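Chains here go by letter, A, B, C and D, matching the order in which they are written, and residues are numbered from 1 within each.
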Amino acid sequence: MKIVLAGNSVRTGLIKSFFENEGFEVLLAGTPKEAKASSDGYPVIIVGSSVIPGFLIDDGYAQRVIAGLEPKAPAVMLLDRETETPSFIWDLVLKRAVGIAAGKRHVYVLARSVRTEFPGLERSYSKARAHGVTFIKYEKVSVVQNDAVSAVMIDDGVMTLEIETPLLVDCAYTEDRSVLEYAEALRLHTYDGGLINADRWFLSPGRTSRRGVYYIDAGLAMSAQLEKILLSIADEIRLMAEMDVGPAAKIDPRKCAFCYTCFRLCPHGALYPDDSAVSMSVRHNYCSGCGICVSACPANAIELTERSEASGKRQTDHSKGTVAFCCENSAAIAARTVLPDNCVNVIPIPCGGSIRASQIAAALREYERVIVAVCNDGACKHFDGNKLASRQVERIREELASINIDPQRIMYIQLSHAMPNVMHNMVDNERNRAL
Amino acid sequence: MTDNMKASPVTHSDVSLEYTSGLEREFGSGEFVVTAEIGPPRGADASHVEKTACSLRGFVHAANVTDNQTAIVRMSSIAAAYIGQTCGVETIVQMTCRDRNRIAIQSDLLGAYALGLRNLLCLSGDHQSFGDHPQSKNVFDIDSIQLIRLAADMKNDGVFANGKKGKNMPKFFIGATINPFADPEELQLIRLRKKIEAGARFIQTQAVYDIDRFEKWMEKVRRLGIHKEAYIQAGILVNKSLRSIEMTRKVSGMCIPDSLIERMRKAENAQEEGVAIALELIGRLRRIEGLSGIHIMAVGWESIVPTIVREAGLMQ
Amino acid sequence: MIVAERKPLNDIIQMVRPYKKLLIAACGTCVTVCMAGGEKEALELSSLLGLADGLEDKEIIVRTIQRQCDREFILESDEDIRAADAVISMGCGAGVQFIAELYPSKRIIPALNTKFIGVNRDVGYWTEMCQGCGNCLLDRTAGICPVSRCSKSIFNGPCGGSSGGRCEIDPDLECAWQLIYERLKVQDRLDTLTETIPPRDWSSNRDGGPRRVRKSSVSPEVGK
Amino acid sequence: MKSEHGDPMKNVLIIGGGLAGCTAARTLSGFDIPSVILESSPSLGGKVRQFGCKSGSSCSQCGVCAAGNLWDEVERDENITILLDSSLIDLRKEACGFSAYIKSGSDFIEKSFSDIVLANGFLDYASNAKTALDMDRSESILTGMDLERALYRRTASELFAEPPKKVAYVLCFGSRSVKEKANYCSRVCCGYSTRSAKVIRHYYPECEITFFYMDMQTTNALSAFMQDMNEPGIRFIRCRPARITVNGNDPEIIYEDSGVLARETFDKVILCGGIHPNSDNVTLSDLTGLRVDENGFLEYVKPPEKTHVYLAGCVSGPKSIRETVAEARDVGLRIAQISEQDGILA
């Protein structure tokens, strides 16, 4: 099976050999453009290389530096200088501090706040304290560097302290921002200003917003951890290859007008203009069946292969005054937990973005009221599905108002399965209105 | 007022083809030429034109007669210009490309010349969406530069737009407009040169409020030698209220320094302040080398022109 | 491509009111791409018409004609057209007229307002680029057409009203001549601007009367 | 996730029907590997099923939605047998696998399994402490779990019965303290306290919120989130409250702020923190041979592939929802991937 390693980190070679003896054929893509081209057929692993101070990673180098210092001089390790030092760097700092302190040298660790979030960090703390490492929480720090010795002035809000040290370690790490070009080329979704794998849906290290595209920051992960993440990615790729992916988009070539709307709106980059075909084609392992393309396609040329019966066919049930198009990731679950069956006809949809204006209009012919219930802003698994839904609702309301039908017959609500009562009182005050 | 100012009324019968433009003679004599504007009425009342023309007689060398300004329907420029001429004021016909294709334009030029009108100002014309018939179809068969060329070909080669010879063809004194403050400046200067190459012999600029910028512009014009190929008049717009100067400022491509707006805002008598500003501007404009005169645009306040001319010491 | 926009719902409703059996004919090419008259919009129109008061009893069926500007595609829906009391064509102006021509006794109702030949700037956004004047001068204006993209279609622009690169009639509208000037400057061909473009030969434009194009190599003189 | 290379031999016992247990079960089911979930309480879902949504004006990515559909999927999955009100009585190592004695409700079952997953979750220290301080009658003292239930029950217009004007979060309540035998950070409370604070401010914009904290554990992603925290009306006081008392209905906190002792009353006090090891960890360790670490959580002695006993979730220490799901899925994958011979990773 072929995979593509994108990005040029110093450890790409190591990762390449790992995958080779996992039985994969590894292609290399040095630039975002190459990565984009090769991403058509094969899984892509983007290798980032953020830079951690060598003193913290390279034990040999650290030993040589420490050996060069005269015996009694204290060592100072400075954290949280510009940005908050992440907890995995704390783990490295504490291990290094214990190493230095073992050589009967006094070690100061200066930080704005203590991070305890990394597994096993407390253990490293107690070990460091046992070795006599001094922790100081500072509010302001200033450093005067003069050749061999640097003077560090610390102010912890109560008193100030000055330490002279020949070894001042700035524990800041520089993030690899070049990865964002790959993210753009491969149409990945970025979170919180640049994180491309804080994807809460797939919840495993290495995954990105797109199936089949993974991300490893080789600079950060230490060897043990790196191997664990590479292993889980290798398993994932093998699993994805043999697994049938569930509902995926299918395009009727006769109808496709090749207008690229689906290509542009697909949140997972699963559609690509396969030049041999007459129409847009779907990359099944990337498609997550959200249905946004189905709603967007002006030629009505796309459907989802098989809607799992759990989401149910559209039962028209006139006895109920209301129909609710519910996103299956939030509203449909909420409806199942709080709505008794008799008052609303719940129609699960894969994502708010798959709702079509014609579905809402058609529903209005059979029901007094139509509810479109989708995820909260920022929670949508397909990124902007809920916003697409609100625009469709807005447009239909305008059309209805122009033929003097009460636009409020359509309701748009945002919720998650963990706040189901929003669904409940929406239906209640609708029911009292009906009485 | 010098005697040649009291031009005797000119009707079409007492004019021969050889009669040439008085305005051109004034420019040629090195006079600091002053022109103003007659805004034709929105009806068929000739006396309105006569009244305005007579009030201007002796105070201006010539008067533009606008052609459906801002695309608002008014009496035709040629008719009003003729009426004005019969009252003893030399008039400048304005011709835009918005409402007529090249056939109508040429036939109007023949008619205008036959009526004794000798000065022609060629403009593109405001888009109909500004006017009172935004639904109308515009023409723009030719643009202002092509119109200048058309009039010049008639004058120099006696030919129609199709290149064919005509008899007794009009020989207009041709003028054009330019906005010294429009960007990109490099392109606007190229267009000015194209207008002159097409045959424009006098140029009326957009209203000048920012003297420093205008002086820099005139410097560039002098360096290109344009002031030797065509007579340049600086436009002066007289505002009679704060609202009027603020409205002017919104016109696309207009450049009015904030200081002038503030003066109008603080003035107790806005009309006096408006006149004072105009006079100051005229004072400074007169000292600019290469400038052959000014064109006073007192939109809707034509009665103030005589006072301005007198107070500015023009037309001595 | 040809860009069109659906008429306001009420206008369509007034036109279809007297007819019982309606056929909505979508068109599968240009107006699908510009999201005006494709199958999706046809289905939407059908369900919206059903909601309008007074139209409940209508029988509406929806068909998609791949291209309404080719006879064979139209004739594929021949029965449905004949069976309908009126046909709502969601094709561009050409489509509406071609169906009307093939079924002279049938009432054909236009659902779209055809606008211009344009390009897709963004999902759901198109701008006019060409009006088919029949005598292309784009080589002289660095690929920016003054006829369709300048409000006054002038050839020796810009006019006095252009400021800040924008057209005086609409601040969102870029002045075509500003664009031409900038691109010619980039191509170091500003000298082309110094030559005055002579008055246009508009006979190739719509002004020259309805136009025809005949490819003599395949199309004999005979027949329309 | 169905795939055909299921292994007839494999049959997994999962202790605990919470997020970790159910995720592991679903992952195994993806490989057609049957599993039995023992849930001591009468309902599936453990604590995470009661967690509420922390979306204010927009989703704060707390991870609760990862478990949105999990419970229905488990209940509908025929590869998974769910035994409620049941617990493991005895476990004996057999030639290959284990035989387990299970007390399910009133009857006893004896069944053999190839692998065991311990996913019995954690003990919420604050709930017990609340009863110890006999404050559970008071409406205005909330534990983390009470807060989650309030978030779950909220409607479009209402979060609490009556709008609070002053809310206090007491962080590290029952963590990072030798006294409560919890010398570790519970790691999740800074996350859910700041996220829920934004929800409270969303419902009640004038409500003043005060955090009594030691060190805010905000991951980088969250630090962008923290910027929203420094608006007027949100205060951070770095100290551990000396005493929390309830006089009448308003809780009162006595604390030391930069050297000065202060007393302040609040409408609501939320005690956050205190993920403590589950009480049955000791018995499970005896049964499975895994070791209890210094804080009472279980840890591996030999690699799980050898002993066929895996840990998933907070049984091995405080974890966020995201880490729990990742770990549980990883456990499922590794059980499924092991070839038959002797547990060497395929």
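Just so it is clear, a contact is a pair of C-beta atoms (placed from the backbone, for glycine too) under 8 Å apart; a residue touches a chain by one contact, two chains touch by 3 or more.
If you're wondering where the values come from, they're calculated on a predicted model, not measured in any experiment.
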For chain C and chain D, chains touching each: A
Contact-graph distance - origin chain A, target chain B: 2
Highest C-beta pair count, chain pair: A-D
Central chain (by mean CA position): A
Chain separated most widely from chain D, comparing mean CA positions: B
CA centroid of chain B to CA centroid of chain D, Å: 84
Inter-chain centre distance, chain B versus chain C - centres from mean C-alpha coordinates, in Å: 41
Distance from the mean Cα position of chain D to that of chain A, given in whole angstrom: 22
Interchain centroid distance [CA atoms averaged], chain A/chain C, Å: 43
Multi-partner residues of chain B (at least 2 other chains): none
Topology of the chain contact graph, where touching chains are joined (line, ring, star, complete, other): line
All chain pairs that touch each other: A-C, A-D, B-C
Chain C - residues contacting chain B, complex: 151-166, 168-169, 177-178, 181-182, 190, 193-194, 196-200, 202
Complex contacts: residues of chain A adjacent to chain C: 254-255, 257-261, 264-265, 296-301, 356-358, 361-362, 364-365, 399-400, 402-403, 405
Partner chain D, residues of chain A touching it in the complex: 83-84, 86-87, 113-117, 119, 121-122, 126, 191-193, 195, 198, 200-201, 203-205, 232, 235, 239, 242-244, 310, 328-330, 333, 336, 375-379, 413, 415-422, 424-426
Residue ranges of chain C touching chain A (in the complex, touch as defined): 8-10, 13, 28-29, 32-33, 35, 38-41, 43-44, 46-48, 50-53, 64, 66, 120, 123
Residue numbers on chain D that touch chain A, as the complex places them: 1-3, 30, 51-53, 55, 57-61, 63-66, 68-69, 72, 76, 151-157, 176, 183-185, 187, 214-221, 223-225, 317, 322, 325-326, 329-330, 333, 337
